[in-house]
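Okay, so subunit A shows up in both of these, paired with subunit B first and subunit C after.
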Partner chain A sequence: MTMQNLTALPYVAWVEPQDEHRIVLSTRLRLARNLSGRNFPHRLNDAEAEEICGKLAAALPQDGEFAGEDWQILRLDELLEREQGVLLEKHLLSRDILQHTQGRALAVNAAQTLALMFNEEDHLRMQAILPGLQPEAAWQRLSALDDRLSERLDFAFDDKLGFLTACPTNLGTGLRASVMLHLPALQITGRLEGIFAQLPQAGMTVRGVYGEGSQSEGNLFQISNRLTLGLTEEEIISRLRRLTEQLVAQEVQAEEWLRANRLLWLQDKIGRACGILSSAYLLSSAEAMQQISLVRLGLAMGLCDKIDWRELNLLMLAVQTPFLLTDSRENLSAAERDAARAKLCRQKMCGSAQADIL
Partner chain B sequence: MTMQNLTALPYVAWVEPQDEHRIVLSTRLRLARNLSGRNFPHRLNDAEAEEICGKLAAALPQDGEFAGEDWQILRLDELLEREQGVLLEKHLLSRDILQHTQGRALAVNAAQTLALMFNEEDHLRMQAILPGLQPEAAWQRLSALDDRLSERLDFAFDDKLGFLTACPTNLGTGLRASVMLHLPALQITGRLEGIFAQLPQAGMTVRGVYGEGSQSEGNLFQISNRLTLGLTEEEIISRLRRLTEQLVAQEVQAEEWLRANRLLWLQDKIGRACGILSSAYLLSSAEAMQQISLVRLGLAMGLCDKIDWRELNLLMLAVQTPFLLTDSRENLSAAERDAARAKLCRQKMCGSAQADIL
Partner chain C sequence: MLCDKCGKKSATVHIKQVINGKQTEQHLCADCAGGAVDVQMPSFGSLDLHKLFWGTPAADVRRPKICPGCGISWAEAAKGGRLGCARCYAAFADELRPQVAQMHGGKRHIGKVKMLNPTAQVLLQDSALANKNYERLALQKQLGELVDLEKFEEAAAVRDKIRSLEAELQQAVQQANAADQKAGDER
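Right, the complex of A and B next:
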């Protein structure tokens, strides 16, 4: 893996097309760990933080199950803003860690399925991302990584509280398990709000994947557990699976309702989305995501054949602003971004040959 | 010419593509005449009206310049509603004559360039329609037809008032001369209202071609003279030419302003219009006309190559509701019409092969 692949190309583990991933794009698990006897990151000076980064990097496993991971370690203070943006879009970085980049680093394996942030809120935040609904497999990976790191590092642990974390919401298992879902049919049929209102009772929380705050763009939502304490890792994971399977079933039901009751209306929506992506010359990020979401629903329901899953998944990433920027186009105006985004969509939807007349 | 061609197929003289017709679609001249010593049509009973229809039909010239016109005479009370609608869209009939169809008829030549209404407001309303800006040629045709009819019929004429008509606004020459203009660039740049406000001073009046009242759909406008009295036919015609040439120059200027100042924005508008016509499954008449108008501007400015002039002209007619109806589809619901209209647009824009996935 080159630095270019990691910080510029719109690739993530979940772009690979698999039919069962059409609603659940990816599963992401993360563990929070801290070195015992050291201050939490917000109380470290830059030199101490650097030292901890070095210690953590040296502990990365390279053999056994982890042979060939080809870890790449990025110092966050050396990254360009757009490279940071790309890593955010890939969910390899959090926004929080970018508040103060000195003494902060990111380690990623070649497949971009394992990512470790050094000195975010905790000394170590390690995550596994896998395509589709795979919380057990992700947990197996993450747990194995945790075990190997524990052999070389002394993690702060309390018999009563479990793993100690900077923020009490992460105490206990330190495990946050989440899925990224595409729920356009539930959104269109107006059922989403009612369903989401019940999530807190199930110990789950929801937020939009793109867009400000919890606002969703492209009908993408991230569901994750609220509690890390008082449950075992296995319970957290099985709850996530159960709830996700329920949401998938409801989305499929909503698709079938649309097929039975609003087919022509839906075909029109999806057709127009294809048409606009194929031929617009200016596309805002919000509109691009909205149209891509409809095309995605079209693929899922067999109502569109203008693009395949893998290309559409890549496009969904690639229209995000950081991917549109390059060395020679660092400072695009809003209109220039919209033009670059539209050109990309035309090329992906039509093939480059017929994309431009001028 | 078959009846089918005349009352069902979306063909008019101005569909033939000629570059200079891109702004002026057609020129239409009409003369009003009445037989002397007879009541005007609104005071005739049906039997008297029938008799006059017979008299007029028998007088149609078939030789000399008019050999091969292959006149077809339609009794309006024998036409289906959708056939009447088609003839309205082709501007071969007026709405007024459909108020009372007994004893009313229409004579049309094979080229659909000459149309004579019997017993509309006057006994005879005869018109010539030619593509592009051709008021002189249209006048030559119409004047020759008038001469030939005068040889066989005694038209009511007064030395002071000229030709007598049922409504005083048609007195004198009885000549109404009009052009159909497509003015999208003036509309988009917001200059149209100011220009139209000056038309009455020039003795001209404007109305939309499609849509209710003077509301325009598809940026199509009809400009015609207000006065028929006090001017010679040649003056009416030369005024119409002068004014039309000014409007064309202003439209071209507006196109160039858009090209210089809003190119990307315009490409986006035109691209989306192509995209929507190519892929929507529901299109209202108003939206279809709006998108077709943008594609038409795209053709005019070399910003679109997805369809040619002739096909687009035909499409502009064919999306009008009466053309969507057939024997087997007489009573389409609004949604069914929108679906049929969208299907037609997809076929024209994409070729039938890729138009439908289902």
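Right, the complex of A and C next:
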């Protein structure tokens, strides 16, 4: 993996289609850890933060299960804004860590399934991201990584409170387990808000991947556990799985309702979405995401065959602004961006000129 | 000195006051001071909370609690929503307890536990000791579950087992460290 691939190419492991209904795009598990005897990152000066980055980087496992990871370590203060944006869109980086980039770093494995942020809110935020609904597999990887790191690093821990974190909301396991879901049929049938309102009772929170609330662009939502203390990691993960399976079942029911009651209307919507993506010359990010969401629904329901799953997933990533910018096109006007985005969609939808993108 | 307000008569009344943390002084003549109650009124919208403690016994003057690890005060930590270091959890245990209970339902940690003194090479090299460390980790987890189920007698037995393993491991680590030290000195 080259630096170029990591920070420019619109490809990341989680875009590989997995889930049979294509409703769960990715599973992401994150662990928070801190070194004992050191101030938390917001109380470190840049030199101290640098030193901790070095310590963490040196502890990355290179053998056994982690022999082929080929870790790449990026200093955030050396990245261009566009490259930071690409890493954000790939969900390998958080927005918070970009507030102060000196003494901050990111380590990513070659497969882009493991990403470790150094000196975000905690000294170490490590995450495993896999396509589809795979919380158990992601946990196996992440827990093994945690075990290997803890052979070399002394993590702050308390018998009652578990792993100690800068913010008490992450205490205990330090585990935030989440899935990214595409829920267009529930959105169209107006059931989304009612379902989301029940999530806090289940100990879960939801947020839009692009934009807030149930109006998220592209109908993409991230569901994650709220509690980190007083449960085992396995419990957190199995709760996430059970809840996700329920949401998938509800979405499938909503699809079936649409098929039985609004078929022609839906076919028209999906057909128009294909038309726009394959013929438009200017597409805003919001419109592109809206039309891609409809095409996705079309694929899921067997009402559209203009593009395959993998290509559509890649397109969803590629239309995000940071991927449209290149060294020669660092600053695009809004209109230029919309034109570049529309061109990308036309190429993908017409099944040609892949070479232009990859 | 002439009156600050009318600038004609000489000032006989001197008013000092703190408004929004800034000390101001006014020098007024008897007429102006009498008719000018407003000069005594602080501007609206900001209460000077320090004044609430004015005149109370010295014992009530609160010394801010400071974490010995990082030097952050509880007020600072609470305001930012983040603690300064791991030792803050002990330093501000009383303040944090209700918050943590509200966030997480007052339960104790039952997830993964930390390896004992992981930097000690001896635990990595000696497989018998490593196994004991893993056994300790497993027991620690079991202890949490037993406490959760309120099986306190069994929990006590497990805790004793953990303590004896810990003592054994600590001793092994200390011996290894002493041996390293000696080897280092001889070189």
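Keep in mind that, in the parts below, the second predicted complex is superposed on the first by the 343 of 358 C-alpha atoms of A that agree within 3 Å, B and C clash if a C-alpha of one lies under 4 Å from a C-alpha of the other, contacts with A are read in each partner's own complex, and residues count from 1 in each chain.
Here is the rule we go by: a contact is a pair of C-beta atoms (placed from the backbone, for glycine too) under 8 Å apart; a residue touches a chain by one contact, two chains touch by 3 or more.
Note that the coordinates shown come from a computational prediction; the quantities given were computed from them, not determined experimentally.
Residue contacts after overlaying the shared chain place A:Arg152 against subunit C, while subunit B stays out of touching range. In the superposition on chain A, A:Gly162 makes contact with subunit C only, not with subunit B. By the touch criterion stated above, A:Leu171 is placed in contact with subunit C alone, subunit B being left untouched. Touch counts on subunit A: comparing subunit C and subunit B, the chain ahead is C. When both complexes are aligned on chain A by C-alpha atoms, no subunit A residue touches subunit B in the first and subunit C in the second. Remark: subunit B residues 264-265, 267-268, 271-272, 274-282, 303-305, 335, 339, 342, 346, 357-358 touch subunit A in the complex. Those residues of subunit A whose C-beta lies close enough to touch subunit C in the complex are 34, 36-40, 42-43, 121, 143, 146-147, 150-164, 166-169, 171-173, 175, 227-233.
By the touch criterion given at the top, residues 69-70, 72, 80-86, 89, 96, 99-100, 103-115, 117-119, 124, 140-141 of subunit C touch subunit A in their complex.
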